[in-house]
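For reference, the structure is listed below as structure tokens.
Labels run A, B, C and D following the written order; every chain starts at residue 1.
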């Protein structure tokens, strides 16, 4: 084996640390929307991955539009694409809630089946609209490449971008759900529907907007992921299991739990991948999760409830 | 079991404490229940009444202390072992199997063939049916054996759950609010029922309805913030100044 | 006799349903369908084992397993390992650098058979393995989960993760498992050519026989006191526990039994289709199995078989006539089942006639509004 | 079939001529071109052949994860068939297509393959793409004696009577590319990375043996990621640690996109690092983006940019049929060869009978001088003689061919590489 200078090793160490953090921000961004929909509302949304894909395709659509009609706007379009992704996925979520989720709040396991059907329909819609091939939006120059704090350290800019975006969205979600009056209504509704209705909260409206918000965040996640991965009709299926894992492992009701869970899963996987070759890193990570969940079925950070 | 001194009690709870994230729902509780005694626990909301029942039947794990039933320690036993040793418990809201008939509800509660394979090979023979009819008669549901339990009135559901305990012939029966949601007439019938079933076993009841308590209780304990405020017969407790303060002060 | 009649056949109503099903799969299908279609039906009926297992587990026990594919796969792989060893005799594999081991091992530079493959050269061991390995695996998962009272959604998701782990493991360890390609090219069972038409027909009938037996055994369980306790656990778990039952044991038992049934289906699948691959272990097949049970009516054993047949016929028919559209139709069907017929086919069967027509009229209205050309045909078919 | 209407006119004329010729003694006809022999003569095994049509199957994934890659292949097959029909078909018969969806699901491939052979009695099937789908349908084709034209590069180690392999087997694709890297780039150390399934693992096995035994180089790392994996951060760091002269990659599908985007983001570009891949075609570039690939090399037998008359005609026809935006990758071109190879063999056999067509194909002298990739010849072992090319990707998503090998003999069971 070649000899390495200590500065090289430090650089690798730093970059490895960042790739763990980068995976963490990806997992967290994926899980945030679901933490609201599944954690707060109890809806097992198997189409969550497809809502991310909606965000990704929206970004692609915006990129194509900008490239064709407003090429000089290319450096800035991405920010608008993210907003559009949120709006489009949110509206779609709003409609889906209206069309059938609202009839199923009392049957959570049935939401799983219905949303699975929905995910099939959405996948085929993507295929019909955008074709079966993977697409990739042209990214603005400033999102490409890497930041070099020293000669040997390369920090991917898209990774930092996702990290930053995740931070903003997480803080935003926190304030919305736990500090704002609206969040109070959401939490009241999910904890006691009848009582919330009685004290004058329009629970139907709260449900619909909460679901739309969760889907909107999924859309943002999808838009952000166009910078690191691909977009195809079945992209969503790649994410869905990981997403559920993060939310469940963290303890479904807890935002902090979701963050901690994303962090521990990401670091475990990232470090294992560095030392173990092949797919086994994934197997070990998932296996550890299942073991822990068997001992702590309520998830890592669910608070003890007096029963 | 004769090594112990307090052999006379059906139930002996000593220094029992449970805390949820630092909040002590039951705090250093000492409580004794005699054979053939019908004891009612009263107290304001959040006093820890239901938690005490949960602790006895193993639903909640105690932080410290001891619960002895017929001189056997219950803490550490699993729920089904506690039930099999002779402790029956009715829940606050009637907890019956709505999709099964009254007969099937009682049959499921019949204390035989409780293992997996026993239940697969269980046969509904004459002994079983006789016992079911006997209990159904006692809880005034003999005419409704083939009715789906979900169709019963609220009061009848309460009786059915009591019947499901009775069929197991427990030494200690714990009833959490047995007359909640009942009509006046049903309350009277329930009082008679409880007086009848307390013969030959100990009964622990949680109840809010003071008239009902007065009509059944041999002894009353007032629980407040996880501690015993007063204990004794109904008159004594009702006139206790601390009790009056707790009830009126709120 | 009356015991058998009441307990297993399910009385007059149950017996009628069973006879209709038996007539359909044992007489009508073999008479109407050519050997290709009959083999297809045979393949679908192997999924019905898993659907029936979900009726027990989910419909009656309230335990939603999104991992029945695990057990279907374990059963299928056990059988495939036996058949593969037979297909890999040194004479058949002279072209390999190490003759006498399965081809995919040779491709992955293995030079000898891994130890855990050895016993699978015995058919007796294999048959036992098909039944016992999945049940034992279910026992481990079940004890860990149910003793700790993991249930509901968590159980569903954990079983799903286990399915993912197993898939990644099988794909990643391709030297000993055949990887993503699976174990392919299985031809003979003790010298009997299982790819011939006559063999396929015989296997079809064996499969039907096993399926009917499994339904009868499940009936027996459901009509026993165990069956009522299962329902009781589903509706009021605490009450059962405080009636002196060790609830976990009941759940573990039914989970193991369901695993065993699914595994029989998997083994029959391997025999009839001639290969096994990780695509039967993962999430997608596992969820599809739940859908089969849901479409049939989650409480009905026989309904599960019809649900499986209906979805798979539909899938094949749609994909032949509109290959680019079938996901729309299948997806729409899932949603419709959940929204409009929560009790599935069995529920429709039990409902009154006018009720059915009303519901159909409703769907027809929705469908004709949203996508006239595509859906019209389906509505006609459904009628 | 969208644009075949243009071929209708010559067809009807031809058919009329054929009908007129029917009046002549059969012997003259058969000896002349054998075009209008009756269905019974050209088909003794009950295939779906009538007096003026012959039915073939196309079996690719239209749905599921593989639809991405298989779209081009089925488009090319349809193009070739429509061109053949426009030329008068095969043995005077128009080719009819029955298309089935494999749905990216191997058992579905087996089911549909069996349906095409048993129910539709097709004379040939063009289809399958992944190794797994081929392995799934293979026993069916052998059992039912069907004929499959398999359109993509693959791991080798297989030779079935019932399959014609139109893509390269692994040694054809790999060896000369590595030789080129060792010679031109003076590469000594290699880092191998692939998706975790049979083809990349077999390809890497061959590459490793060649690097270690023939080139005197070393493999400094070998990694396989699960299919669909989108996180390459740790692997990229490992690569940085090992500093290989060449990264040798066989990552497929959606993972491929993530892999190249993350490489670029990590600052690993062609300016500093030689990267050679055996799994990127023009199709994949659409998803990956040319800017992420610029300067990296692909080893393929065909690139869309190839400058020869055959290819120009092919690209024009393909775009005319499937749209101006179409791109054509290696697998698409190989798929296009399938119907032509079949046509050549059928016409020489004078029959659609599978055994006769296979027998002609096995003579080892069927050649296509009109192949877009240049020239190919069918070897006795059912694979094609072909040239291997190294292409350097440009920002526009097209590759410049920087190296073309000699015609390489296919060798599905390479001694010393197993």
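Rule of thumb we're sticking to: a residue touches a chain if its C-beta (ideal position, glycine included) is under 8 Å from a C-beta of that chain, and two chains touch if they have at least 3 such contacts.
Please read all numbers here as calculations on a predicted model, not as lab measurements.
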item	value
Farthest-lying chain, centroid of Cα atoms versus that of chain A	B
Pair joined by more contacting C-beta pairs (A-D or B-C)	A-D
Chain occupying the middle, per Cα centroid	C
Between chain A and chain D, centroid-to-centroid distance (C-alpha), Å	37
Approximate Å spacing (C-alpha centroids) for the pair chain B, chain D	76
Euclidean distance of C-alpha centroids - chain A vs chain B, Å	48
CA centroid of chain B to CA centroid of chain C, Å	44
Interface hub residues of chain A, defined as touching at least two other chains	123-124, 127, 278-279, 282
Where chain D touches two or more other chains, by residue	62-63, 196, 224, 226
Residues of chain C whose C-beta touches two or more other chains	168, 171-172, 324, 327
Contacting residues of chain C [partner chain A, same complex]	58, 64, 144-145, 148-150, 152-154, 156-158, 160-162, 164-165, 168-169, 171-172, 283, 287, 290-291, 294, 324-325, 327-328, 330-335, 337-339, 342
List of chain D residues in touch with chain C within their complex	62-63, 99-101, 103, 105-107, 110-111, 114-115, 118-119, 131-132, 135-136, 138-139, 143, 155, 157, 196-198, 201-202, 205, 224, 226-227, 413, 418
Parts of chain C lying in touch with chain B, wherever the complex brings them together	220-221, 224-226, 228-229, 231-232, 235-236, 238-247, 249-250, 253
Complex contacts: residues of chain A adjacent to chain C	42, 44, 46, 100, 103-104, 107-110, 112-114, 116-121, 123-125, 127-128, 241, 244-245, 248, 278-280, 282-283, 286-287, 289-290, 293-295, 297-298
In the complex, chain A residues that touch chain D	2, 4, 8, 12, 15-16, 18-20, 22-23, 26, 123-124, 127, 131-136, 138-139, 144-146, 148, 154, 156-159, 225, 227-235, 237-238, 269-271, 273-274, 277-279, 282
